[in-house]
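Have a look at this one before I ask anything.
Letters A, B and C mark the chains in the order given here, with residues in each chain numbered from 1 onward.
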Amino acid sequence: MVENRPFLTFLTHAFLILGFAVVALPVYVAIIASTHDIATLMSGPVPLWPGSHLIENYSMILTSASAANGLPNYSHMALNSLIMAVVITIGKISISILSAFAIVYFRFPFRQLAFWIIFVTLMLPVEVRIMPTYKIVADLGMLNSWAGLTIPLIASATATFLFRQFFMTIPDEMLEAARVDGAGPMKFFRDILLPLSRTNIGALCVILFIYGWVQYLWPLLVTTDPGYYTLMMGMKRMVTVQDGVIQWQLVMAGSVLAMLPPILIVIFMQRLFIRGLTETEK
Amino acid sequence: MFKKLTLAAAALALSATTSLAATEITWWHAMGGELGKKLEEIATKFNESQSEYKVVPVYKGSYPETLTAAIAAFRANQQPAIVQVFEVGTGTMMAAKGAVYPVYKLMKDEGESFDPKSFLAPVVGYYSDTQGNILSLPFNSSTPILYYNKDVFKKAGLDPEVAPKTWKDVEDYSKKIVSSGAAKCGFTSAWITWVQTENLSALHDQPFGTLENGFGGLKTQFTFNGPVQVKHWANLKKWQDEGLFKYGGPVGGDNAATMFYAQECAMTMNSSAGRAGVINNAKTFTPGFAPLPYYDDVTKEPKNSIIGGATLWVLNGKDKATYKGVAKFFTYLSRPEVQADWHQYTGYLPITNAAYDLGKSQGYYDKNPGSDVGIKQIMRGTPSPNSKGVRFGNFTQVRTIVDEEFQALLAGKKDAKQALDSAVERGNKLLREFEAAN
Amino acid sequence: MDTKKTTFDSRLLPYLLLAPQLFITLVFFIWPAAQAVKSSFEREDPFGLSTTFVGLLHYQRLFEDPNYIDALIRTAVFAVSVTALSMVLGLAFAAAVDRLTRTGRVYTTLLVWPYAVAPVVAGVLWWFLFNSTTGLMPFLLQKAGIRWDHDLNGTQAMILIIIAAAWKQVSYNFLFFLAGLQSVPQSLMEAAAIDGSGPVKRFFTISLPLLSPTTFFLFIINVNYTMFDTFPIVDATTVGGPAQATTTLVYKVYQDGYLGLNLGSSSAQSVLLMMIVMVLTFVQFRYVERRVQY
């Protein structure tokens, strides 16, 4: 701080606290709703304060509610979400760091083309190309498999791009020193690039884990075996009730729990996460 | 000892062969929540009743998600044997002649007894071709009825045992309810498209489209901008302005049920399958059940209402053994006790006469007042070409259009005639598009 | 596009390194995209039993359809509004946190987590919050004399999806702006302070101009985000209504293709969307490329 201005500081705090209150409102309401019974939720605006059904609702969602909705156990779905998020994270990082290495440290015909092919996919959303993509996954016999669930989501222009940007900032002297020592490309990659990229990899892990955790439409389409249900699919199924009534208190309890892992990761790995978002994307 | 061993081995071998030989029949459905659980229970019971076939129910999301998933799977040659398709998808499925194995043909090929007459006529009529052949197996059918809050009626000085019969009654009752402060609004409605447009047309014997509401072929045109429909939409707008009617939202109108449970609106019109939900949620008041209201200056004898819900379609491209199993499963599904159980648990209509009779003999309808309102409503009178049902291509989008035009009406951007004319005109374009693609 | 000045010499290795990424991209992105282009010239029934070539018919229909043109304009309005709202808020939060040395980290923690909320869940939360009967917001607004009914009032529906979409993006913008602000050289600020300019003036004369590259980068990212990733929010809150008031381009693709099974038209719409994305991506890429060469 350059100088001390108590009033401005007070305003700053007030603004940030207000900002937090507004940002937190939807989640606060979800938490409140998860502590009431359905009759209370259905009879007018949601109360502002917690009710007395917290333990009941949360133990229901963790035990019997899943079966009552024809879902696998909550813990089973959580495990599936975890597997999916982890596989996607590892897959994306592995293939992206390799291709970024190729693009930055080699000159070869069609390099430009390869880069553009990867880059153009940056934001082709699943909704837009879902039918043909499904057909390919089916033709390859990858329906109902972890491969089908994860591999089509592994291609990532973003991660490739982030690594590329980072490699560009590594001084050329490193490479020259390595060449003087007679190190080949893969040795350079293993002994120099990988260790240097540690922070970037960590940062990407946070971001990509969240990406994998929140997938919904793709797993719904390519799996027919409830054994592959993820939390997002489970929550959505509980909301999609035909001609019936949505058990909002349970949906909210389930959503709150499903939100927790990525939020906790963001909070506890904040430094890495911020670095991942900001420093590499420039 | 030796004997025991061989017995055990034989038993083992036997169980191994039977479990190996069980032909799997995949069944994609859209029943989330409690209904999905019940559906899976039915499949389990069938699987336990025999050992040759194993029905595997798979939840595939909402109705549109299930249909799209099935179509994508068909194109990739990964289709399920059975798929549950909602009523607006009927036009799409019927036009897809190469993709669908008609149920009547399947049952005949597999030598299962299958008599169209054993089904409730209005249900089966909706899903038959013009020759009366049943193309898909009715599974969960429902029809809209009126729900009302007896306590609010009492508070407003109305007789809680007398439900409104005509729209005039609905208007008068609503006025009393709102002016006495018993509730904030008189009535709301789920499914503006299905209840206040399609069913309204059927009840008053008004054509929804040409060629018997589309049953006669793809050249059909919409005609739901007739005087009765225009008058009704104009009334809804007027009642909204007077605070008697509240809009429940597009598509299924999720808010309608919520407003009814919250006792904000004294009456709602929704699927008869919503009955279980109403009973579960109406904890602080007593709900009443009644047929849909009608205009007594248009007709003295309203026609039967039309159904909604979904049926089971069989897809082509499976082997003979699978179809044999599907036929067996359909026979099982049509059993009176299975049907009655599903109907009584869910609130969907009983599909067969036998299931209805079984319920009657069990005294179910006497013990559960209001549970047969929907059945009586679809069974009354003789169905006319206008009350048999509706069958149009691209109907999901047409319903979206009807919703949009209704919203434009309520927002005051168009009057009832303009809104319906525009809906018909836009809908006809989609019909021509469908005709060209099929 | 640049590589390093010095590179490795190997003919086969770079292709091997690229192979997994390229294979997945070609198989799961490029090929389906090509299929979409092909089917945009065809009329086909949903099951794929009969296909006829119709040329540019679907494109022609789209540009004649006032609803499509409306959706195009609406999407632009939506994208710009969400971007503006979430960037202004993100910047304001960042500027505030940047002022606080000790408590800044606490506030950062309090503001970053919405990034981690799944779009599907976010949609459900906002639907619940603004539900006209059970929701908290209509109830509070009623007390303030505002009748909230996003089922009928198109403007309110638009406001709802703008708020919900911006909510998820504020934390992202906040972090970028914060990083940008923290890299503003302290010496510059101190010099300005000695010259007598107050904190507000310093923010507008020094920090903001220095943030312009970040701002441009965020603008592109945010526009892309609102165009595509807001789909679950629209689907859960307004379903594109009332009377198409919140039907964005992506939502229309979904409605016509996924719900309506009109594959030809929805493919044509996808192709147009892809073209928009490519232009945006290209602009972004040119920009980023320029920055790297600084």
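Keep in mind that, in the parts below, contacts are C-beta pairs under 8 Å (C-beta built on N, C-alpha and C of every residue); 3 or more make two chains touch, one makes a residue touch a chain.
Just so we're clear, the structure is a prediction, and the values are computed from it rather than from any experiment.
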item: Farthest-lying chain, centroid of Cα atoms versus that of chain A; value: B
item: Of A-C and B-C, whichever chain pair has more C-beta contact pairs; value: A-C
item: Rounded Å distance, chain B centre to chain C centre (Cα mean); value: 38
item: CA centroid of chain A to CA centroid of chain C, Å; value: 16
item: Per-residue overlap in chain C, given as positions that touch at least 2 other chains; value: 133-134, 258
item: Sequence positions of chain A contacting 2 or more other chains; value: 42, 44, 130-131, 135, 236, 239
item: Shared interface positions of chain B, touching two or more other chains; value: 65, 75, 258, 262
item: Touching residues (chain side chain C, partner chain B) in the complex; value: 43-50, 131-134, 149, 151-154, 239, 241-244, 255-256, 258-262, 264
item: Of all residues in chain C, those that touch chain A in their complex; value: 1-8, 10-11, 13-15, 17-18, 20-22, 24-33, 35-36, 39, 89, 92-93, 96-97, 99-101, 103, 107-122, 124-126, 128-129, 133-136, 138-139, 167, 170-172, 175-176, 178-180, 189-190, 193, 199, 214, 217, 224, 228-229, 231-232, 250, 253-254, 257-258, 263, 270, 273-274, 277-278, 280-281, 285, 288, 291-292
item: In the complex, chain B residues that touch chain C; value: 64-65, 67-68, 71, 74-75, 92, 95-99, 247-251, 255, 258-259, 262, 264, 394, 396-397, 400, 403-405, 407-408, 410-411, 413, 433, 436-438
item: Chain B-touching residues of chain A, taken from the complex the two chains share; value: 38-39, 42-44, 67-70, 130-131, 134-135, 138-139, 143, 220-221, 224-226, 236-247
item: Chain A-facing residues of chain B, complex; value: 26, 28, 30-37, 39-40, 58-63, 65, 69, 72-73, 75-78, 80, 142, 257-258, 261-263, 271, 273-274, 276-277, 280-281, 283-284, 309, 346-348
